[in-house]
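Each structure below is given as structure tokens.
The same chain A turns up in both complexes below, where it pairs with chain B and then with chain C.
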Partner chain A sequence: MTLEVVFQAVLLGLLQGGVYALVACGLTLIYGVMKIVNFAHAEFLTLGMYLAISAFQLGASPYLVAVFIFAAVAFLGAGLQRVLIRPALQHPQINQMLITIGLSTMMIGTMQLIWGPNNQVLTLAWSSAALEFGDVRLTYVRLISFAIAAIMAAAAWWFLKHTRTGMAMRAASQNPLSARLMGVDVMRVNMITFGVGSGLAALAGALIAPAFFANPTFGTDYFILSAFVIVVLGTMGNFAGALIGGLIIGVAEGLGGLFFGPALRQLVSLLLFVVVLLFLPRGLFKGKVS
Partner chain B sequence: MKNELAPCVDTSRRTFVSGLGLALGSGTLLPAIAQDNTVKVGFLLPLTGSFAESGQLIKQAVEMAIEEINAKGGVKSMKGARLTAVFGNSTSVDEANTETNRMISRDKVAAIVGAYSSGATISATVIAERNKVPFLVPNALADEITARGLKFVFKTVPHFSQYATNSAEMVRQLSGGQAKTCALVRENNFFGNVVGREFAKHMPSYDLRILKDNVFPTNPTTFEDVILSLKRDNPDVVFAGGEPSSITLLFKQLAELKYWPKMGWVGLGGGYTNPTTWSNLGKLGEGVIVINDWFPDMKMPGSKEVNERFKKRSNGKDMLGNANTTYAGVHILHAALEKAASTDGVAIRNAMASLDLVLGPQTFMYERVKFDETGFMPRANMVAAQVTSSGPKVIWPTAYQSTKPVWPVTRS
Partner chain C sequence: MKHVTNKNFFSDWANWQVVVALGFVLVCGVGGSFVDSDYLLQIMVLAAIYAAIGTAWSIAGGLSGLLLLGYISFFGAGAYLDGLLFTKAGINPWLCIVLSFFSAALLAWLISMLTLRFGLTEDYFAMFTVALSQVFKYILLNWDYAGGATGIYLTVVKDDFWTLSFIDRKPYLYIALVMLAAVILTNYAVQKSRLGYYLAAVRENDQAAEALGINVRKVKTQSMILSGGIAGSIGAFYTQFATFIDPKQVFSLATNFEMLLGPVLGGRLSIIGPVFGASFLKPTQDFLRGWMGGEADAVYLILYGAVLAVGILFLPYGAAHYVQRWHRKRYATSAQSGTGNDKGDLTGARK
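Right, the complex of A and B next:
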């Protein structure tokens, strides 16, 4: 077990964690503001992957269209919230969550109808090119995904802190009633939040498309469990928590896989999750929402 | 035109149904031949989820077989009854069980074919046995399937142990005895455990030492750990089992992390022969050797023709990844139905057990169809093909070779 191998595992874990973080951010944002768990979140990730692959087949680089995919899916997400979830606002939150479960099933089926059940890949000419130092290899694909994920997360963070809409979203997440009394259009804020959250998931999908492959249940099979773990670890609703949590889980899985074998890689991250919750039951940020 | 016999038919149907209700107590429920004279056959396949690629390809082969059978007159001994397929999803053991129960009790299938993954098959066959419904396994490999004394289970694909011994023999021949070390890469599921067990048992007699048994979880998001481990151990040959999804990811990451075994990579099982995987991976998959019981370029009667017919339906994909074995399986089942001339489970079971076919559509891959007392159909040697830029080409045994093998396989 050389130091280089451990170093490689940590770095790969960080890169993976960055993508996890982006997926988790969207989920935690939606929870923070709307207080519902979006069970269709994984499907927005998958949708982002498919859109990137289709764009690539038409000749566009996935990195160039990533931002457009974000915008397109954000609009779609906002629309879906308006049409499917807002009507249930008067009902208990559990109803809204059940609607997202239904949405998840519908989206998987629709994606299967449009793109078929087979795996689809996106292979760039430079997919395997990597930065090498010593024995450590970090592919440019992963480095770029991490960089864009970091930039978008920072942009979202800035948006939340420094724009009126962002402040309205934070106000609504802290206390919807007071926010409404202060003149915040909570209905509109909810719609925008769902849009931004799903857009972030789709963006993550577009960024990881070259490194993986797409099939209709990819999001649910591969990413959603980690996303939920990260959201809870970083405190539900806390944006920074999701970012940090993502990196922690990514590295924990990387080291876990190295020391205990690939089959147990999630054991380490989940064990860590359990231990943290034992001492900090409301997550790393102790229940504070940003 | 009013059918004056209608009231009589209605009454007799009512009596039939109540008689059926009484018959429930006796244990054997005769699957009803529907009013429009069809025989229903259940097909358990992974139609969604990470194995969907395989399941959907097999589904196309099933549909092709059924169309051919019905076009030639269906089951002639049952007044030309048409075969219809009832598809059920077998992405997990629980799902397979639920679907099996549904097919038997609600759809009243005469027989079941499936279930692709060994774990789901082991479980679903127990349910079929209990209900005395014959279960044909043309696409799951574990030896255990026919080793439990079940009377209604029949298996046309080789036992996995044969994959292990044949691939070791092939490596010995290709490398002239030079290959001494190997590593395993397999999934953490029932089939993966069978792979691990059989290789551990048989490799010593072929002078191959297993350096590490690398196990990866189902739905892995990364293969870094496996690849880093392989890099450290540096085996001569890697033997691997997996499914199209995991194989696609694995080979992408092999290129990313720049690892390739010293001599070659051998893939085992339906996942490795799925054509979509290799067309997706392109250059990344070239040189991989896959072991199977049939390839389209083999010189068997009707091989090429049936593959061409299939390619028309499947958008150019070869009939591999167990689509071939399941296609043959449907024809074998049809032969049993003809012989049984009934949808009674016991009659079909006895017909299957006494089959001895040397003619028929399945001869494109089976010279002789005959099941032994455990329900297993003994087979000749496996065949190995190497993935090239124009698809997999048979390289072993030398008698069936359609191109010279590249060995050792090197990557820049």
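Right, the complex of A and C next:
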């Protein structure tokens, strides 16, 4: 195993990590504000992928429609939150988790009904074109998805720091009761947060559509566990933590896949999860939220 | 309960429930003896297995208020232990069921020690248990000695009670119902015991319970051991009944959530909830699946997801909550006692 191979795995992991970060920061926002472990999160990513594929089949560039996909799924997410999650906010936690699991099942079924159970692929003319230096080879689709993910994460960061709604979201995640006493409409913030979080996941899905096969359970099979590892590693509810955790887990999985083979890749991230939960349950940021 | 003067045995909610639940099991047994269709018997056995699993889960997931979301680890561990011991070492299946109890209980003890020691509670505990069940799945998928992804097959050649192998499905039904009755009695005994009262105190307010001298960690661990061990035994029985197991099936997350559906929709703190919940939901699900053709059917998934989400929204404390309300009115004159039956128990809710 040459150094180039390891280097390649690290870089690929980093690129993958950028997408992970985008998925995870949506999840962590939702947890931070609503304290809900959202098991349906990955389904929004799959939905984003399918929407990008359908848009592409209609002749649109998947990157240009990504913004519209973000907006559409954000509205869908907000609506679903209003109907399914909000009424359960005062119910036992196990109920909330099972509701998101029910939502996930429903979304998988719906996507299967619309797009069928088989793999679908979005092939751009330059899908396999790559940037090469030495033995290291990085496809442009991966590079572009990483770049856009980074820009979107930065935009979300700016939104949280500098807009009224963003500040309300941070306030609600730090202390919902005080936020409410300060005149923040926490219910509305919850809805917006769930929408933005789902939208970010869908955006990530649109970005990776050219690089993966889409099928109804794609998100659950490949993304949800990694997303949870990242969110816990970066402290549940911590936005910056999710971004950094995303890169770390991306690289860790890349190297894990390289050394232990792709069959054990999932096991690597699962064991990482168990270890992180046991030894770093409060994450890298020691329980600090946003 | 010396201080309570119960004139009527049935005025106690737990007593009433255990009699109703055991009566139902008896009715199923008698009714089952007239059923000849293997398909129907298969569904009945599965329903009994799910009911038993749900009743066992509610000891830890309901009575102690633990967010035990990844419960299938214990079931799967028991199923695999039985499969391996039976096919590789030829150990008697009845003994396997007992051994599965102890090994799953050991697993539950280990999980409790790890999570409670490292302070994993609520969401973190839930995610830990889910992740762990998937760790087991991937280990077994890659473990060739245990059959890897192809799993383990048992061959049934002749009827033999001693080796728990029957060509007919009916004996399995009787055994499953006896197991279910045993689990119901265990749950009842826990509710009526000192442990049950401790668990109720811990569930309501663990800090207050701790202050009153209850060893919170210990009673939670005890409930996990009991709950996990029973799931292990049921898993072992399942292997003997299904004669085929693989990691994707006995450690499936979808199955895991199906198993929790009965107790959650039926009522986590009750005895009748898990029993009737699973007995109603599991067959409905199997018929739907059979009718629509296939587990992966899109319409089935949508329907199932909708029942799960909407059902829980409308029955946050389970259907048994309403039965209990009726029961309370019916026996309003007598004194109330028992645990795990407070109206509108908000244990799991965020404070």
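Odds and ends about this structure:
As a convention for this text, the second predicted complex is superposed on the first by the 270 of 290 C-alpha atoms of A that agree within 3 Å, B and C clash if a C-alpha of one lies under 4 Å from a C-alpha of the other, contacts with A are read in each partner's own complex, and residues count from 1 in each chain.
The rule we apply is simple: a residue touches a chain if its C-beta (ideal position, glycine included) is under 8 Å from a C-beta of that chain, and two chains touch if they have at least 3 such contacts.
These numbers come from a predicted model, not from an experiment.
In the superposed model, A:V274 lies in contact with chain C only, and not with chain B. In the superposition on chain A, contact of A:G134 is made with neither chain B nor chain C. In the superposition on chain A, A:P117 makes contact with both chain B and chain C.
Legend: residue contacts after superposition of the two complexes on their common chain; A:G79 is shown touching neither chain B nor chain C. Once the two complexes are overlaid on the shared chain, A:M97 sits against chain C while remaining clear of chain B.
Contacts of A:A263 after superposition: both chain B and chain C are touched.
Of the two partner chains placed by superposition, only chain B is touched by A:L12; chain C is not. Within chain A, the residues touching chain B in one complex and chain C in the other are 108, 112, 117, 263, 266. By the touch criterion stated above, chain B contacts chain A in their complex at residues 47-50, 52-53, 55-56, 188, 214-217, 219-226, 228-229, 232, 244-245, 248-249, 252, 255-258, 276-277, 280-282, 284.
Considering their complex, residues 61, 67, 69, 114, 118-120, 122-124, 126-128, 131-132, 134-135, 138-139, 141-142, 254, 257, 260-261, 264, 268, 296, 298-310, 312-313, 316-317, 346-350 of chain C touch chain A. The residues of chain A lying in touch with chain C in their complex are 31, 35, 37, 84, 87-88, 90-95, 97-99, 101-110, 112-113, 117, 225, 228, 232, 236, 263-264, 266-267, 270-271, 273-274, 277-279, 281. Residues 5, 8-9, 12, 16, 108, 112, 116-121, 123, 127-128, 130, 137, 139, 141-142, 211-213, 215-217, 221-223, 226, 254, 257-258, 261-263, 265-266 of chain A are the ones that touch chain B when the two sit in their complex.
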